[in-house]
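Each structure below is given as structure tokens.
Two complexes are shown next, each including chain A; its partner changes from chain B in the first to chain C in the second.
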Partner chain A sequence: MQPSDPAASAASAGPPGVPAFVQRPPEGAYRRLNPTTKLVIAVVEALTAFVLRGWTGLVIVLALVVVTAAVARIGRAMLPFMLATIPLIASILLVNTFLYPGATDAIVRIGPLTPSWSGLEFATQAALRVVAFALSVAVFGLTTRPDDLVSDLERRGLGRRVGFVISATLRTVPRILQRAGEITEAQRARGMDTEGGIWRRVRGVLPLAGPLIFGALTDVEEQAMALEARAFSAPARRTVLRTFPDSPAQRTLRWALLATLLLVVGLSVSGRLEFLP
Partner chain B sequence: MTLALRGVRYRYAGAAAAALEGVSLTLEPGHVLGVVGPNGAGKSTLCLVAAGLAPATIGGELAGEVRIDGVTTASSRPHELAQRCGILFQNPTTQLSGTSATVWEEVAFGPRNLGLPLEEVVARVDAALDALTIRPLADRDPERLSGGQAQLVALAGVLALRPAYLVLDEPTSQLDPQGTRLVGTAIGELARQTGAGVLVVEHKTDLLATIAEQVAVLVAGSVVASDEAASILADARLEAWGIESPSRIRIERAARRAGVHLVSEVEA
Partner chain C sequence: MSWLSRQFPTRVIALIPVAIAINIVLGYTVQTVLKLPIYLDSIGTILVGVLAGPIAGAVTGFASNIIWQYAPGIGGGTIGPFAITAAVIGLLAGLWGYLGVYRPRPAAGARLWLAALVGIAIIVLLASRIYGNPAYADPDFFVPWYSTAILIVGIVMSIAVAAAVLLRRDTSGAWVAVAGAVTGIVAALVSAPISAYVFGGVTGGGTDVLVAALRQGGADVFNASLGQGFFSDPIDKTITSFVVFVVLASLSRRVVARFPLGERVVTPEPAAA
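After this line comes the complex of A and B, so read on.
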């Protein structure tokens, strides 16, 4: 074995013989948390933002997200997630501010349009809920590799088919985008105009959709056979390549978070949290 | 101990005509059997049938018998077949699981499915990477490989299941000349290194001339000729069957027609 050999040089602590580049130990306190713990935190944050009415849930969740983002040092990386919410936030703000049903507290009258304070408040809360949801997902996505999550869930007994679907879906999106790019390039090379105004771009989508969808369907049969040829349907439980540190404290945190979420949902549905601002 | 097809007739579900008719072939461990034929001859179907994927996975009707080391494919489950006979398809990208972050994990996909002990998984992955001399790719993302590299990784993934036989369905058809050389060299070494029997379907008779010991010609779903590679690939009927002869043979014939005497390297 040569010194430049990645498999040889990367062998390290962990399961014997499994190279370090497969173990991929995460760096940083938050990233080192068990993937399932990070998943539970993200789910509880995202749902709390929607379940708790008023400002309370939003403030709590946004504060938590900001703190975890700071601890994980991913502040700048969250910018694309923020930008992705802009179209939705803009529409929420416009529709609710101008068309809030039954609002009488007008801010100003602009011809037939009457934006209202109550509409603006509702819109701001709804927009912040979307932001809290997006950022909760962003913190999770930026601190957890999909493979790590699937590996940990498989170790906990998740079926291989479910694990495969999750993992393959997460890795298929970039593949489809790449294929769409290749088809677009091929069509452009044959004279199709795929740039310019919005209608021209919309017209360009139709010839793209056909090859993309039919190509994907054609691949599915071969992929299914390739999976069978690699013993995917074997009845044994899959061998786990990586294990992720877990601790009684993390287990307690997970159960506590889930219990809190259930409690909040119950109280919110029964109207016992109306006193919260 | 052989992979044997006896009087095989296979018809796809919903098809009126059979794709294979009366096919009999025998593949022994450590040997390379080439199959050549024009487009639509049933070569890919032959691969699916030989590996037991047809009809088990894709349906259809199979008559005759396919036995792998004495066990019929019809009586075996897919994951059992995978350990007896591996199959490699034409398109390298559809064979990768799409779930692995590194080549090492991609090759480990099959052994992990079998639930083998971790030490055994590691040993098999390392052996497969070494057999195809692709260990330097181990830490690379499988989605970011050249066509030839991806095909070798897919082949390593099959090898890691340690099948006694390998069925390769035009493994170089989507590769450039460099990728073809890369994969061709690896296939040529496979039978010798691993002791596996290799059935390779190929359009490229030049490649078959260098790696196959026996060659069968498949035309319209039936084997019309089968013999030693040198004999079949020099057969004058190849062109009539829609198969291009190896370039060496074509050059020799052209030279003969032109009255030119070619001096071989040995003679020179």
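After this line comes the complex of A and C, so read on.
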């Protein structure tokens, strides 16, 4: 279950002998976009799917996500993200269809169970909203390397602290995940029960959490010193090594998208658009 | 701005990514490897809040959920929108840290029993707001065994508090439990609207069974989510608070004291004999 980074592996698949930091420029209309533009697109899509109620927002966002995924040619890589939403969608559909509060328009009556049309409609919308949200984030995540995004945001004035927190977290998670796996196996070898009754599994939390937390916290001290030794808290503004092409058209697109989002949120909150169910 | 950047010295900046990773990895492992019906995904948030203050705690909580949603492979399907809840948890943890809730307070004899009783009394008070309340006994909104379930949760938590206070010989156990329970109730209040309006009340986890039961009992989308939250969150946050308390007590004093709120967490140096 290591988090994979298809964007990174695709980018590093350059000709042999070329160092990893010399990247081929990304291909395709969507991939060539500036990382910040892609971030704005993903955020606006995800929020629109939630804010715009009824079918309109969902259909627009899903169509956009599918088109961008097709343009970026990541249909195959999107499959795991689709599969990951299945348990959630099944749960949403079942609970809401069969147990929608106050529904009277029963589809069919099977013993004590009465699935309702209004429940089914509500469930389908909620499920599609989750899919639209997950996929808009997935399209962004699959086409954009976190490092690229952080460098680009830093060039635009993002504080180095925020940049460090984002990129350091993305590097730390796989490392700690691996460590958690090692600790679980080590404790199993010492007789920790991860399969037994609930009380045995509750007792398994401390032998897992303890070494994990202490191991991680010992690194903090050294990291803080290493950062200080490299003038991390120096007040001067840093220059950036890598820049990403931007264009006036993209800038216009970003502001237009954000303005649309504000408009949609404003209209929804003021009740001029369909808002809460 | 200098006020804001003073909240984030380099040591805290180095701690936050580790805390976020602990949140994500432990939450993921507890929910899928140990298959427990709790979340345990806010240990890092509470740790940062207690050590570095409300702002740093809120940032850690918020960033945890956003990055978890973004990290592929360990599937944060619905975690992103709950970033607001996580931020509130971090804010509260900062408040508890500022008030010195997590500082060990060794005691003996009558004071220990008093602390255990005070802790239990506060939990009973919180539970009785739900247990004796006709709003929750209304069969139109809640399942018949809802009150019984709350009673059992209250008893289990009371026993845990008493055991923590008496076995560790430390009156802080009571305050940590109360802080955890209050955090859990606030978290439930913040989560319920998110869960209800964003996901239709269902989040794909083990807690959905509880939501379904409450709906069967006649609760509407919002009340079913709220009922589930009042059940799961106080337990989860109390356990999390105790984990953080044990971690802080086991860390060396030198490490803890260097964080901004560190001096409110360590025991005062015993006077030289």
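Methods note: the second predicted complex is superposed on the first by the 230 of 277 C-alpha atoms of A that agree within 3 Å, B and C clash if a C-alpha of one lies under 4 Å from a C-alpha of the other, contacts with A are read in each partner's own complex, and residues count from 1 in each chain.
Everything that follows uses one rule, which is that a residue touches a chain if its C-beta (ideal position, glycine included) is under 8 Å from a C-beta of that chain, and two chains touch if they have at least 3 such contacts.
Since this is a predicted model, take the numbers as computed values, not measurements.
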{"item": "Partner chain in contact with A:Leu241 - chain B first, chain C second, else both or neither", "value": "first"}
{"item": "Touched partner set for A:Arg73, first chain B, second chain C, both or neither", "value": "neither"}
{"item": "More chain A residues in contact [chain B versus chain C]", "value": "C"}
{"item": "First (chain B), second (chain C), both or neither touched by A:Asp147", "value": "first"}
{"item": "Which of chain B and chain C A:Ala168 touches, first, second, both or neither", "value": "both"}
{"item": "First (chain B), second (chain C), both or neither touched by A:Ala126", "value": "second"}
{"item": "Touching partner for A:Phe232 - first (chain B), second (chain C), both, neither", "value": "both"}
{"item": "Contacts of A:Glu221 with chain B and chain C, given as first, second, both or neither", "value": "both"}
{"item": "Common interface residues of chain A - those touching chain B in one complex and chain C in the other", "value": "1, 4-5, 164, 168, 171-172, 175, 219, 221, 223-224, 227-228, 232-233"}
{"item": "Partner chain B, residues of chain A touching it in the complex", "value": "1, 4-7, 10, 15-19, 21-22, 24, 145, 147, 150, 160, 164, 167-168, 171-172, 174-175, 219, 221-241"}
{"item": "Interface residues, chain A side, partner chain C - complex", "value": "1-5, 46, 50, 80-81, 84-85, 87-89, 91-92, 95-96, 99-102, 122-123, 125-126, 129-130, 133-134, 137-138, 140-142, 161, 164-166, 168-173, 175-177, 179-180, 184, 194, 198, 201-202, 204-206, 208-210, 212-214, 216-217, 219-221, 223-224, 227-228, 232-233, 276-277"}
{"item": "Sites on chain C touched by chain A in the complex", "value": "5, 8-11, 13-18, 20-22, 24-26, 28-30, 33-36, 40, 43, 47, 59, 63, 67, 69-75, 77-78, 80-81, 197-204, 208, 211-212, 215-216, 218-221, 224, 239, 243, 246-247, 250-251, 255"}
{"item": "Footprint of chain A on chain B - complex, ascending", "value": "48, 51, 53, 56-58, 77-79, 82-83, 86-87, 89, 91, 93-95, 97-102, 104-105, 108-119, 121-123, 126, 129, 135-136, 138-139, 143, 154, 157-158, 161"}
